Structures are given as C-alpha cells and as structure tokens.
C-alpha cells in the first residue's frame, strides 16, 4: 500500500480560527463540522504513524517573499499591514489540530502548497506516494493542492467533509467537477477504513 | 507596462477539434464562440509582437513521462491506448489557432501547464511578467494555469469568452469564485484595449 | 533494489561528435574511451530493460527559451547564430549511442538537466530512484546533474570512464572532490555488476 | 542596472564558525580572509539597500525533509545524530555576518540553494535579476548555486576571495574551469565598484 501523508491546508487561527479574517468561511466550516472532522482524520493519522504536514500561509511586514501585488485577492488582503504576519498568533495552526510531532510547510507566496516550496522534498524524503487533503479553501488552496499533487505524481484523497469553500454550493460543485477528476473523495469517517 | 505572453491551454484537435474526445466541451466552446474569440486574441497578440505559447498535452504509447494511474480522470482516458498520442493529429493545435511563429510547451503529465515543465523558463527568457490565458478547461487546466502562474509571480488575465468548462454554469462559477481572486477578467474584444 | 535509469548528458553530434564545436573535449573523450564505454553502459541498460534518457541541449534561432545573455559561456557560444540549432544535425544524439526506444529530455536553457525541465517527472513516472550518469562535461553538466539529482533525492552513480571534462586533470579533480561527495563512482565495466 | 541580491552560502557556526565540523574548511577560510571579505561585501550591500539572503542548511532529529541516505557525504555526516540540528547554535549564521534585516532560506535537503526551496520565489518577489554569491563551499554549494541560478536566468557574480573549498588548489580550479563559465568573478574590494 502507498505510503501516505496528510496535508492540512491553512487551518490557521487567522484564516478560520478565533481571530479569523474570513467569517463566511468560518461559518461554513462550523456548519459542515469541518473542525471536528479534521481533528478526527488527524487523530487517526497520528495513531497510525502517518505524517501530518500543515501547509500554512504567512507574510512578512516588508512583503519579501510574497508576490504582493500580482493577484486581486492578495492585493486586497495586504491592504491590511498586519494581515497574517509571520510570528503573530494569526499564522498559528488551530490548537485543536496541532501536535508537536507534526510538520509544517510555511510559504509566503501564492495560494497553493507545492509551487516554489519544499513540500515535495519533505514528502519525497518520507517516501510518501499518496496525500490525504483537508482544510481550506475549495476556492483556491484545495484545488491548487490537488492539481499540483497530481502533476507531481501523487495519488490524492480529499476528505469531503473536512474541506470548505464559499459559497457553499460552489464548494460542492468544485468537489464534483474538479476534485472528482483528480482525487478520491471520502468522508472523514471512512478515510482510514482499510488501513492507510 | 509589463511584458505579456498569451498562453493557449490545450486547444488541440483531439481535445476540442475535429477529432475531439470531449463532445460536451466542444459544444460549449461553439456556443460561447470560444474558437472565434480565441482567434481574435491571437491575431491581436501576433500583430503586436506578443508571444503566443500553446500549452499542449500528449502521451507516449508506453506512457513514459505520464503519471498514468494516479488520477481518476487520466486512468479513465488512458484506457484508450490511442488517446492523444504524441505524433498523431490529435495532439496538433487547431489549425485556425496556430501560427508558425508560435511557441509550444508540450507536457506528458498532469493537467496544469507549469509544474514540471519548461514553461516558466520560456516565459522568463522572454522577460514576460503577465500572461493572458485562454483555452480549456475551466474544470482543470485554466485553474491550474492561474494558480501556478500566481504562485510564480505572474500577473494573469483570463479571457472570459475564450475559455470553457463543463457544465457551463460550473464554468461560470469558476470564473466568479476562483479565477476572479487570481486574475483580471476581460472579454476577447477588450483584451488588447489600452495596449499590451 | 532501486529502480534505475541511465542519464546521458549531451552526447550530441555538435558537442562531441562529427560536427563538434569543442575539439579539446572530443580529444579527451577519445583518449579516455568515453564513446566505447558509454556504448557499453547503454547496451547493458537496454538488455536489462533499464530506461535510457538523453539529456540534450538545443537553441532556437530566435533564442526563445534560452537565457542567452546571462552567462559568459552561453553569451560566447551564441555569438554563432547557428550554434546547436533545434532541428539541425548538431543536436542529434551520437548515432552509436541512440536507440529508438530511448527517451529524450531536450532543454533550451541552462547547463544542468533538471532545473526547469520535465526530467524529474519522466523519472518519477517510471518509478526511478537511482540514476546512472555519463556524458559531458565534468565542468558543468555532470556536476549539475549530480547536485540537482541529489537535491531531489535520487541516488546517483557516475561512470568514471564514460564522462569527461577539460582540462583532464581538472576533470579528475571534480570526480575526486565534488562527485565523490554526491555519487557512487564506478567504471563502465563494473556498473551493471550485481544487477541493476 | 539589474536589481541585485547577495546570497550567502552556509556561513553557519556549525560549518565554518566556532563550533565548526570542518576544520580544514575553516583553516582555508581564515587563510583567504573569507570572513573579513564576506563582511565587507555584506556591509556594502546593506548600505545600498541590497537584500542579503542567507542560504542555510539544517536537519531535524527525525531527518524528515532530508534525503538522509542517498549521498555518501550526507550519509557520513548524519551518522552524528546531532549534526546541524534545527534550533541549535550550529545552524546559526556567523554573528559577524548576520543583520536583523537579512533574509534566510533554510533547507533540510541537498547541497544547493534553489532546488526544492522558496529561494527563487523570494528573489522574484524582490525583482532580483542578479545574484552575488559568497560562502562555502566550492566543492558543492557554490557550484550548485551558480549552476541553478544560471538555469533560472539570473546573472551570477562570485566573490572570489569570499568563497572557499578544499583542497585549496581544487577550489581555485573550480573558479577557473566551472565558475568562470557561469559567472563574473570579482574580489570583495571591487564587487560594488560601479554601483550595484
């Protein structure tokens, strides 16, 4: 069976936590039980020795490392000089999803976890061939994760009730019409069925 | 003003042309006038000396270079041993969109144009800072193009009536809820307004 | 045992063949029996079903895809408008080293085989974990191959009598003080001992 | 004039500092005045607002992120479970070369600074087109830096008296027969002549 890792996309305090900037995304996560489902997946992974990698976003005050003006979304977010600053609580992983044995792949650019980061090297060093994806959002990050992982030759599983996007019906459509082409879709309750 | 290139995503005979495998995608392209709009964008580019790069997909009969079994979509497509074989008419760019001065970035893996290809090197060698994207599809390739290009620091413009995906309402939702975060959206009629 | 591929670095007619631009490099290849040793390695590979990938260099007349002015060496070489032009005999692999079943990874930029190419994707699609390297030169290409392959997690074997560089004593020093840190060094006669 | 950044390769306490593992490398650095010359280059950079990026190496105790067994050199170094552990003084940049405004690109794999890291993204986000390289060593890291940077289209300048390798005559030969093909070579005293 393929060696697996769990990739957790931007489940950070400033994204979907207590100091989140995106209230609609938090609301849909709560409605869909994303936090509880994510915690369930991560517990199962850790119990089986499956590595968990948090793919996080952060910015420096001077914006070095970020393509700060090239996308409408980032240009908008970074009007706030304090948005997701490295070293502040906003960039921390949600405490209920963090374990000291977890790995982190922090990036300062883009919306996807592989391009221009060490994530592929981390996974290769661990012999990983399959990634189980959860987190936010289905608008950008989860799509980017699945598209890049597929291009790199990983098998991808997306945990359908541990991901979210907005609006909610769009998130479901992304699962149906994009993610379904790239990945196996399972619920948190079933992701570890049949072993890792 | 930024130096620009046009990226044409998989406008190939075997994808949306006379020997296309995806009739629904062809139908929506025709309905949306994608072929005519694409030709209009490319004419404008060539008249201004803007490079045109066709990002094409192909497979070898022995599947070397392709991650042939890792995604549901590709596993399905490659049940056909003749699907989009390198060197066959299926991989050719639509004749009405091809010009001998165009460039091609052919890949054998994945659904997005940058990861694991020379496309970034081609664009950098030309001093390109902005890409204008058209082609198919809004299910995979155009998202991948926009997400990867944004991660690499390019500005992205998507020509809204020279792209397509299925179902049609999903394609429109992708433009609204994913592409809009990453790219400027314009129609073919207006893409070259105000110069390149 | 690790799955292996052979990487042949720039054994092209315009580099070390009948229309070579680098006579000193050709002379040292002949003196060291590089051509015969390379052919021996490739025969053994093909007999065992080990894939052979020719990593070749080429340029377009318009220099698109090449960083034509950023290095002293390339700036010098490309004063010749006909240097290693794509589609000309100069870019062909030496006939005695070519087999129709071989793969090719052609690049238009740089002096190393992995950065900004599809070579890593090709090898991953084949399940390759170890590369056996031969070709030219120990001044640039073989060093780049070994450094990049090591960074990507491949095991590397360099065939000491199927590589060359100039001056000859420098080539030997590179094998001793750089390649030896990154790779296993074997002669062509022994490379397939103990299986692949 | 091209926008420039300085890349400092592994000038860390555990590599060439007070707790260095490589005494021969320290001795040659001292003999060649590498520390003083490096400090001179960095002062000039900071005075002109030129960004300084320290390209550092580190390992985790569990080796996640490192290809720990694929190269002879690393297999040897990592027999020591405490070698260059992340979070220990060994991975710190030499205090006399560090400034709080500097950037760091830390990697856990390989011997070169670009492959599988965010360094290219950092430089692109800053608009950098030329890199000035110093540090250690001319056996691996400086070659890797120059080869990868050239492949990515950067202009490269190597500060000849702020780099070192062992044995010393080999280091000089690398400057002559490899670096000279890829980079401009200048002394620390002259690197900022004529502006940045």
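The chains carry the letters A, B, C and D, assigned in the order they are written, with residues numbered from 1 in each.
In this section, contacts are C-beta pairs under 8 Å (C-beta built on N, C-alpha and C of every residue); 3 or more make two chains touch, one makes a residue touch a chain.
Because the structure is a prediction, the values reported are computed rather than measured.
Q: From the centre of chain D, which other chain's Cα mean sits the farthest off?
A: B
Q: For the chain pairs A-D and A-C, which is connected through the larger number of C-beta pairs in contact?
A: Counting C-beta pairs in contact, A-D comes out ahead.
Q: Suppose each chain is reduced to the average of its Cα coordinates; what separation in Å results between chain A and chain D?
A: Each chain reduced to its C-alpha mean, chain A and chain D end up 32 Å apart.
Q: Averaged over CA atoms, how far is the centre of chain A from the centre of chain B? Could you give it in whole Å?
A: One centre to the other, that is 26 Å.
Q: In angstrom, rounded to a whole number, how far apart do the mean CA points of chain A and chain C lie?
A: Using C-alpha averages as centres, the distance is 39 Å.
Q: What positions in chain A touch 2 or more of the other chains?
A: Only 67, 109-110, 116, 121, 124-125, 151-153 qualify.
Q: Hey, which residues of chain C end up touching chain A in the complex?
A: Against chain A, the touching part of chain C is residues 121, 124-125, 151-153.
Q: If you look only at chain C, which of its residues touch chain B in the complex?
A: 51, 63-68, 103, 107-110, 116-118, 120-122, 124-126
Q: Sort out for me which residues of chain C touch chain D in the complex.
A: 67, 70-73, 109-112, 114-116, 139-140, 143-144, 147-148, 150-156, 165-167, 170, 173-174, 176-178, 180-184
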